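Here come two complexes built around chain A, the first alongside chain B, the second alongside chain C.
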Partner chain A sequence: MFNNFFHKLASPKHFYRIAGALIPWLAGACLLLALAGLYYGLIVAPPDYQQGDSYRIIYIHVPAAWMSLFIYMVMAAAGAIGLVWRMKLAEVIAISSAPIGASFTFVALVTGSIWGKPMWGTWWVWDARLTSELILLFLYLGVIALHGAIDDRRTAARAVAILALVGVINIPIIHYSVEWWNTLHQGPTVTKFDKPSIHISMLIPLLLMALSFKLYYACVVLMRARCEVLERERSAGWVRELVETK
Partner chain B sequence: MTLTEFLHMGGYAYYVWTSYGITLLVLVANIVIPLRQRRKLLTDIARAARRVRREP
Partner chain C sequence: MNRHSLTRAFSLLIRRDLILAMRHRAEMVNPLLFFILVTSLFPLGIGANPNLLQAVGPGVIWVAALLAALLSLDGVFRSDFEDGTLEQYLLSSHPVSLLVLAKVLAHWLITGLPLLLISPLLGVFLGLPPAGIRILFITLLLGTPVLSLIGAVGVALTVGLRKGGMILSLLVLPLYIPLLIFASSAVDTAAAGLSVTAHLSLIAALLVLALSLSPFATAAALRISLS
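Here is the complex of A and B:
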């Protein structure tokens, strides 16, 4: 039964329909979690004893940075699946992820910069964490540009997958950069083996926002993937039927 | 806490609200782009299908 379900899901026609049904639920859940996260983060949580209210940027900065890494791993994994098993849907997910990942990387960099100005006294330093995150943005932009440069969509997907896989080397570098090198950026406070060194009243909104961003990605990647499927299948019978019933 | 206090953000209003504003802008853009793309694709495909039918 499960096999059958995955076969159906992998067919573009069923994917288009199932994704379309999922999107409103994902969007609703994402919005609710975001509202809860913003309420607890901006109103309920106390100011930081060192950074005052400026620390509240953490509730978008850190989830965005997590997403920038998470989406890259999804993109590389989907790309690998597309390369090995020639699964079209994996190719679609890989390329649809790139602009969203680039957006979250951009948000992480910009909010970090705006947070750095009052706390560090500078918008930017060329240290390991910031530089490796900037390279991540360039990797995403490289993936988007490479995909746009190749006309045949399947060849483009293969090229993109290889570039994405090579770039995976950057992911552990970003994550461990604050431990391997001396940097202005603070060390991890949540993702470490010890107990998180962040108070529960600040941790809860952070996790709510992180979950909300995950759902946001799921929702938007499906929206983009549906467009990509339509584009690839524009001459297929089911797409014709779809536009005729409209 | 009053609304003014909330908006003041302990003196960091400029930094906090700029960050949240830019984030909101980016997130909304990522929703609008595929919505518009899908509408455009559907009309394009429908137009192409009509053209094919008219020229047998």
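Here is the complex of A and C:
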């Protein structure tokens, strides 16, 4: 039965239906978590002893930065699945993810720069992790540009998958080269192995926001994938039926 | 027998590309002139203060090398694509990744090697100390093949496109960044009189990685572009 479900999910028609049913739930959960996260983050959590209230931008900045990397990984994995098993749906997910990832990267850059103004005194510092994000944005833009330049949708999706895979090999290299080149950024405060140096009252809203961003991504990627599926399958019978019944 | 014919195909492909390049010398010289010209624009733009030039020199030479490589890359598969030779490569019984490697090697001999040979002169132009120039030469020796190898993936993805050139720079330049960082900081470090073994090992590692992975990616990309 489980297997059957996956086979159904892989067919565009059923995907369209299942995704359509999922989207409202995802959107609702995302909104609830975001409201809770913002409430705890902006009102309940205490101000930082050094940075005052301006640290609170991390509730947007850090989840956005996490998402920017996460989405690139999803895109590359989906692209690889599409290349190997020729699964159309994986191609659709890969290409629908690119603009969302680019926007999260952009948000991470902008909020990082806004945080940097009071902390570092300038809008932009060639700090290692900001620079990595900037390069990640370029990688996303390359993917989007390549997809836009190729007319045939399937060819475009496969070309994009190759590019995403090459990018995924390069991301750690870029990250460490840039890190080595210059670092000013405050060290990781959540992922330290022994004990996170962030207080629990600040950590909980952060994790709430991160979860909410993940759900936002899931929701939007399904919306975009539904559009892409409709466009790809525009000559298929079920799409025509869909249009005629509406 | 089969192995023999593969080495033969490999060397024939390189020879063919070299002969073609000798017949169109202008195409071979253009990236080189571009490299020299861009590098000599910098002293004119930022002033000829020796200390300043020495500080920015390694970065300038390497950025110019990246741009020159980018300029020359567009031609790697272009003419083969237009006259249908590329399809014959894909149809041949030899592994496409090795044929691609031959093409990239030929491209490096045509465009990377001249760049490498002229670089000490540019180092002198920008007032780099002798130790810096020597390391500059070594970084270019290890690094320019990486430029050709990574670039080939981008070219293979964009070969059928009308405005491939603009997109190519967007695809390839971000991937060049680690090389640029390691190479120019190696030259800086050498000019300051410190050991650069770590830098050179890292660049060599990048070369090995690109050499072993990029032919497969390029071959896959060519198959997609021609499908």
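Just so we're on the same page, the second predicted complex is superposed on the first by the 233 of 246 C-alpha atoms of A that agree within 3 Å, B and C clash if a C-alpha of one lies under 4 Å from a C-alpha of the other, contacts with A are read in each partner's own complex, and residues count from 1 in each chain.
Keep in mind that, in the parts below, contacts are C-beta pairs under 8 Å (C-beta built on N, C-alpha and C of every residue); 3 or more make two chains touch, one makes a residue touch a chain.
Since the model is a prediction, treat every value here as computed from it, not as a measurement.
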| item | value |
| --- | --- |
| Touched partner set for A:L22, first chain B, second chain C, both or neither | neither |
| Which superposed partner A:G142 touches (first chain B, second chain C, both, neither) | second |
| Touching partner for A:I150 - first (chain B), second (chain C), both, neither | second |
| First (chain B), second (chain C), both or neither touched by A:I169 | second |
| Which superposed partner A:I114 touches (first chain B, second chain C, both, neither) | first |
| Residue ranges of chain A touching chain C (in the complex, touch as defined) | 83, 135, 138-139, 141-142, 145-146, 149-150, 155, 158-159, 162-163, 165-167, 169-170, 173-174, 177-178, 180-181 |
| Chain B partner contacts - residues on chain A that touch it in the complex | 42-43, 47, 52-54, 56-57, 60-61, 64, 99-100, 103, 106-107, 110-111, 114-115, 117-118, 216, 220, 223-224, 226-227, 230-231, 234, 239-240, 242-244, 246 |
| Contacting residues of chain C [partner chain A, same complex] | 150, 153, 157-158, 160-161, 163-164, 167, 170-171, 173-175, 177-178, 181-182, 185, 206, 209, 213, 217, 220-221, 224-225, 227 |
| Contact set on chain B toward chain A in their complex | 1, 6, 9-12, 15-16, 18-20, 22-23, 26-27, 29-31, 33-35, 37-38, 41-42, 45-46, 48-49 |
